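Input: structures, listed below.
The two complexes that follow have chain A in common; it is paired with chain B in the first and with chain C in the second.
On to the complex of A and B.
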């Protein structure tokens, strides 16, 4: 989820930018020239996937794929998310320019952590096992994103504290949908193209 | 002075102007200055020959709606009206209105300066601004593949609809979308391998030559400076 320009305080914006730059910088040092098309194409798939509206009752949610990106890209999720967010800002005018760092960090960090933690287990598991673990990665990355958004708001202004404490609840439909779809997608990949589930950055 | 002359044309200047203006406006705290920023952005948008993208203002994330609706009730202050046990405070209304004006002004500035920019030109501008080469190439490549993969996703979506698929809130929909993403990823990865091999065949060494961008005209630098200076002036008035 994106925080637009005009909401956050300057220290939070700077902190987010520094943290995101560290993640992106670390990833760029690991990405080989030859892996750029792979990272770019995966970033484009996740960008296209985020345009799918999954109906939830009368409303709908848009997917983020933080967990799946973390498993498939490892640390490469940081530049992939950054690039996708810049494209969204340029093409659709949403997201934000000053909040690029904060938003990149909030989405990429949970994905990178869960991908690093569960990725090796997913690659060793049978397809149903991989799907179950991927569900945890998918749902967990959305929860992590929600917690970080709440934290960002709370650090920015005490006025946002009441909203920050309930913002995670608004993520609940997305947690369930993202977990389920990540599970089906990972199960599919485990059967059809298992080596897709490992980050090949070199 | 024609309307388009009020904006710099050089993509590097556009990036810097947008970033500077939005950063300054985002730190405004008062309603009057925030509304002035919104009015200035709206006037600049209206002055452009192309159709303004007001539609983009309507896009609100879920938590933003929550923020605008709840702030009047949760911020303590002088009560204005009461709704059962809840009271609306003047301070809360003020804060919600200020945030709304700042967010809208920023979206207009973003659309105005970066909206029509081609990703390839933006990539060249980013490289000129010393953004790491790998990141620039990643950006330009993603912008290109986004179109290809979007077409592929549309083809798969049409095939699903032709077979009677309607999205609902059920397991079948989730599984279908999961497999759709899986299929997109499989095809995209195979495409990535082909692209990589084709590029290496042609001696790709990790660098693509890029034309040197000409120095922006003084008039453009002035236009960019004027926009950023206006935003800075608003912030200074706000802090007085």
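On to the complex of A and C.
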């Protein structure tokens, strides 16, 4: 999810930046004062939560919260991810400044799509149903992110294409944990504050 | 639910997903050996990951990291440029550490002054063994070789010994500095969170002004 500087080719970087800018622009046009605090809170959750990396196999993984952000923010996931990634790049050197656009797009797009697709069903469902659907959104956003990252690496250079077996061994646990945590959060919100599960964009 | 998870696993297997965040490489020159390890910020070492060493683009050595994420290879006989060590976990994490040519000069002065090309090309040496004995295979005992029998060590030999001793002494410090550099600082995390809060406040203010 944090592709560093100096790996991707220029067309991929520019394409990612343009796509991310479009997403952020669309979101900011529709944002209102009810949505801003929520975007900020989830940006903070993503910023701090994805700093905690757990060693798995030969690598280390961390949560992304893409599914949860997609359901709760809709398109608002774009500015939330962008702000958090800027801070992670500047403060900790995670990812890079030239790859901000690509990284934002890779994380935000699967979340926004799954949020738009499953969000209406989650809002209609009972709390256990909402939790189950949210698990799919959470797990799916990790898979979507992984697919996009692999694509961007492969588009830049075949040398960087990841090895499937290593990736599955490393990220299967993350898919399961991300799904479980998204399910827990959405199930809890469905019981105590169902409003929180619909993006407050105008 | 289970079916969905199986489906997801299948998707993952078919599509070679990758993610990359904060892998770092620590490398140092000790005598005739370049050694080091990869580490993830926040914990963990990349074991069984592919590493490659290049000098000005030409490959020097490659292999797989051991259980502690470590690698080691013989330093090049003639250092013509910066030596870069890259670790690739083959699932998207890549990191490179570059050793400037001066680092080799400081660590192996006898080799740098060696008599012509290839004088100091020694096979892989354990980093803990006496580095001096590996540096100049032409001379079985390099430290006494610089000694003229009546007048103590020559200035060059003395300088070499001092440089090696200093390099040995600062090695743990270099390691510590890299670790400190790549640490998550609590104050940075807090400032990040409050920056987000501040941005939200600015957004709200800007929206309120527009009305």
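Please note the rule applied: the second predicted complex is superposed on the first by the 178 of 202 C-alpha atoms of A that agree within 3 Å, B and C clash if a C-alpha of one lies under 4 Å from a C-alpha of the other, contacts with A are read in each partner's own complex, and residues count from 1 in each chain.
The definition used in the following text is that a contact is a pair of C-beta atoms (placed from the backbone, for glycine too) under 8 Å apart; a residue touches a chain by one contact, two chains touch by 3 or more.
If you're wondering where the values come from, they're calculated on a predicted model, not measured in any experiment.
A.B. asks: Would you check which partner chain A:182 touches, where first means chain B only, second means chain C only, and both and neither mean what they say?
C.D. replies: After superposition on chain A, A:182 lies in contact with chain B alone.
A.B. asks: Using the touch definition from the top, say if A:193 reaches chain B (first), chain C (second), both or neither.
C.D. replies: After superposing on A, A:193 lies in contact with chain B but is clear of chain C.
A.B. asks: For A:147, decide between first (touching chain B), second (touching chain C), both and neither.
C.D. replies: second
A.B. asks: With the two complexes superposed on chain A, say which partner A:102 touches: chain B (first), chain C (second), both, or neither.
C.D. replies: Once the two structures are laid over each other on A, A:102 reaches no partner at all.
A.B. asks: Tell me which partner A:139 touches in the superposition: chain B (first), chain C (second), both or neither.
C.D. replies: second
A.B. asks: Between chain B (first) and chain C (second), which does A:8 come into contact with in this model arrangement: first, second, both, or neither?
C.D. replies: first
A.B. asks: With the two structures laid over each other on chain A, which partner does A:94 touch: chain B (first), chain C (second), both, or neither?
C.D. replies: both
A.B. asks: Identify the partner contact of A:130: answer first if only chain B is touched, second if only chain C is, both if each is, neither if none is.
C.D. replies: So A:130 meets neither chain B nor chain C here.
A.B. asks: First (chain B), second (chain C), both or neither: which does A:34 touch?
C.D. replies: Only chain B is touched by A:34; chain C is not.
A.B. asks: So chain A touches chain B in one structure and chain C in the other; where do those two contact lists coincide?
C.D. replies: After superposing on chain A, chain A residues 1-4, 7, 31, 33, 36-37, 39-40, 43-44, 47-48, 51-55, 83-84, 87, 92-94, 149, 153, 160, 162-163, 166-167, 170 contact both chain B and chain C.
A.B. asks: Under the touch definition given earlier, write down the residues of chain A that touch chain B in their complex.
C.D. replies: 1-8, 10, 13, 24, 28, 31, 33-34, 36-45, 47-49, 51-57, 63, 65, 68, 72, 79-80, 82-84, 86-87, 89-90, 92-94, 96-98, 149, 153, 159-160, 162-163, 166-167, 170, 177, 180-189, 192-193, 196
A.B. asks: Residue numbers of chain C touching chain A in their complex, please.
C.D. replies: 1, 4-5, 8-9, 11-22, 40-49, 89-95, 182, 184, 188-189, 191-193, 195-197, 199-200, 203-204, 207-208
A.B. asks: Where on chain A does chain C make contact in their complex?
C.D. replies: Chain A reaches chain C through residues 1-4, 7, 31-33, 36-37, 39-40, 43-44, 47-48, 50-55, 58-62, 83-84, 87-88, 91-95, 132, 135-136, 139-140, 143, 145-147, 149-150, 153, 160-164, 166-168, 170-172, 175-176, 179.
A.B. asks: Quick check on the complex: what are the chain B residues that touch chain A?
C.D. replies: So the residues of chain B in touch with chain A come to 18-19, 22-23, 25-27, 53, 56, 59, 61-64, 66-67, 70-71, 74-75, 95, 99, 102-103, 105-107, 110-111, 114-115, 117, 119, 122, 132, 134-135, 137-139, 141-146, 148-150, 152-153, 167-169, 171, 173-175, 177-186, 188-189, 191-192, 195-196, 199-200, 204-206.
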